[in-house]
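To start, the structure under review is shown below, and the notes come after it.
Chain naming follows the written order as A, B, C and D, and within any one chain the residues start at number 1.
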Amino acid sequence: MTATAPQFDNYNERVAQGLQQAHELEGGLPGFLGIRLADYWAGGMRFEVEVRDELLTPFKNLHGGVLSATVDHALGTVCYPVMPKGAWAATTEFKLNLLAPVTGGTLSAVAQIISMTKRTAVVRIEVSNEDRLVCVAQGTVLIMLPKS
Amino acid sequence: MTATAPQFDNYNERVAQGLQQAHELEGGLPGFLGIRLADYWAGGMRFEVEVRDELLTPFKNLHGGVLSATVDHALGTVCYPVMPKGAWAATTEFKLNLLAPVTGGTLSAVAQIISMTKRTAVVRIEVSNEDRLVCVAQGTVLIMLPKS
Amino acid sequence: MTATAPQFDNYNERVAQGLQQAHELEGGLPGFLGIRLADYWAGGMRFEVEVRDELLTPFKNLHGGVLSATVDHALGTVCYPVMPKGAWAATTEFKLNLLAPVTGGTLSAVAQIISMTKRTAVVRIEVSNEDRLVCVAQGTVLIMLPKS
Amino acid sequence: MTATAPQFDNYNERVAQGLQQAHELEGGLPGFLGIRLADYWAGGMRFEVEVRDELLTPFKNLHGGVLSATVDHALGTVCYPVMPKGAWAATTEFKLNLLAPVTGGTLSAVAQIISMTKRTAVVRIEVSNEDRLVCVAQGTVLIMLPKS
């Protein structure tokens, strides 16, 4: 892309660090999927998921819902370190294309904010499995500011 | 819609019945989410998910990934009773809009095939929570025919 | 859908009438496409486009861009009669599936707001050609309120 | 993206050259929009559109339909030089996010095939206006092989 990348003047790395630690303890759907926050930078994060047998369908392919839930999770999470303190990120829509079946190994999901205003962020997500791109997604997060 | 609805000449209700029973035993992601196949008809299915505490985020809203994984699951499953015997349904893309937060109760996800060719089906999914529409989605399934 | 439909308390039919008249005079892309506002109601509108030869590709199918531009146009326009006075509708995203080729006749595009908050509207659009559904879309409009 | 890029073994640059010349003569919607094929490479193309006054809305912003029609056009066109001879590219779905209003200058739309099988190609499109990213899209093209 030749266009200028967005700036993230509010980037707070300590928020990202806190989210990374929180993921290690996380229950619920992220805990079931085993989503780890593997890396982070201003405007971006990389998540990992081990493709364990429990996440496969009876046909021994990864259930597509693992990918879509990981995309949804990444969409909202990537916004927290660059939002004003106290703001809340609400995923409002996304679209994904599934590019290839997954049968094992590790998923690596890179989420990058490609556009950000006071009210919204647009995020792109690329999921690879070993060296193969298996899912691309783009979506919108509404930024809910704290009532002052 | 004033347009003519698609016909489902291959509809096999016994396939739908078998899928309904299979859901009761299902493990993996559908089992964790607790997806039930509540109803079915030619070209359509209705799924239910109880919004139990384990599916909420720490903010006590339903994790968006529960909705997207349910959408993904419904997309592929709804095609089986209307496909030729031995065919395989591969969800290839979908898009969803999240319309309102969910905090409890039951999700009811209605999947309806709105267009079908030999190679693809386009499916629309509407998820309501009690009497409120909370998610709308549309996506494409590739129909993989068995090698003869 | 079993969910309760949204209410449109601000519906102003005179705004819709004004838009209908404006379409008759419209230049630019809507004028080139020949988009007519054929009907309107609270939260919905129906547009028509004649499939004239100039809108076909060299292969004699309707250029897909005619459908996507009509969808984009309908998305924003349908919001005006139900928004607060002075507000501005900015289409922020949409997704469409093209279901069948179009070679002639008239397009009928029904746009219906399926969810609306103070800040956003989610709209579904179905385009039929004679009695055949040829395109389904869903998208989001940001409602920009006038500065007070 | 760390994943391996797709290979385009069938890339035929002469097809791209022919398409570039054809765009100069093109009528219909691409002609009205003034879409030029500015550059091409294996698996990718760059298109340009001048934002002339006729493409603006009465509010003096570029009509969103110009962007969506350009995206639709790019999606199909980028596939021709890498498809088997005689094949036909049918855009079947896409999704776009509009990131910023456009009021003048030139649009530069880069289309890149990010995944390709015998039956489908998934394409990503980024549109910038001067040095600003204004639209991102991803979509699917069905590859229709000639009957042998």
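FYI, a residue touches a chain if its C-beta (ideal position, glycine included) is under 8 Å from a C-beta of that chain, and two chains touch if they have at least 3 such contacts.
Everything numeric here is computed off the predicted structure, so don't read it as measured data.
Novice: Average the CA atoms of each chain to get its centre, and name the chain whose centre is farthest from that of chain C.
Specialist: For chain C, the chain whose C-alpha mean is farthest off is A.
Novice: Is the C-beta contact count larger for B-C or for C-D?
Specialist: Between the two chain pairs, C-D has more contacting C-beta pairs.
Novice: Where the centres are mean C-alpha positions, what is the separation of chain B from chain D, in Å?
Specialist: About 32 Å, centre to centre.
Novice: Rounded to the nearest whole Å, what is the centre-to-centre distance of chain C and chain D, using the mean of the C-alpha atoms as each centre?
Specialist: So the centre of chain C lies 23 Å away from the centre of chain D.
Novice: Distance from the CA centroid of chain B to that of chain C, rounded to the nearest Å?
Specialist: Computed value for the inter-centroid distance: 27 Å.
Novice: Touching at least two other chains at once: which residues of chain A meet that condition?
Specialist: Expected reply: 92-93, 95, 97, 140.
Novice: Which stretch or stretches of chain C touch chain D in the complex?
Specialist: Per the stated touch rule, the residues are 27-30, 32-33, 54-57, 59, 63-73, 75-76, 88, 90-98, 101.
Novice: Spell out the residues on chain B that touch chain D in their complex, using ranges where they run on.
Specialist: Per the stated touch rule, the residues are 92-93, 95, 119-120, 140, 142.
Novice: Which part of chain B faces chain C closely enough to touch in the complex?
Specialist: Counting only chain B, the residues touching chain C are 1-4, 95, 97, 99-100, 108, 110, 114-115, 122, 124, 126, 128, 131-133, 136, 138, 140.
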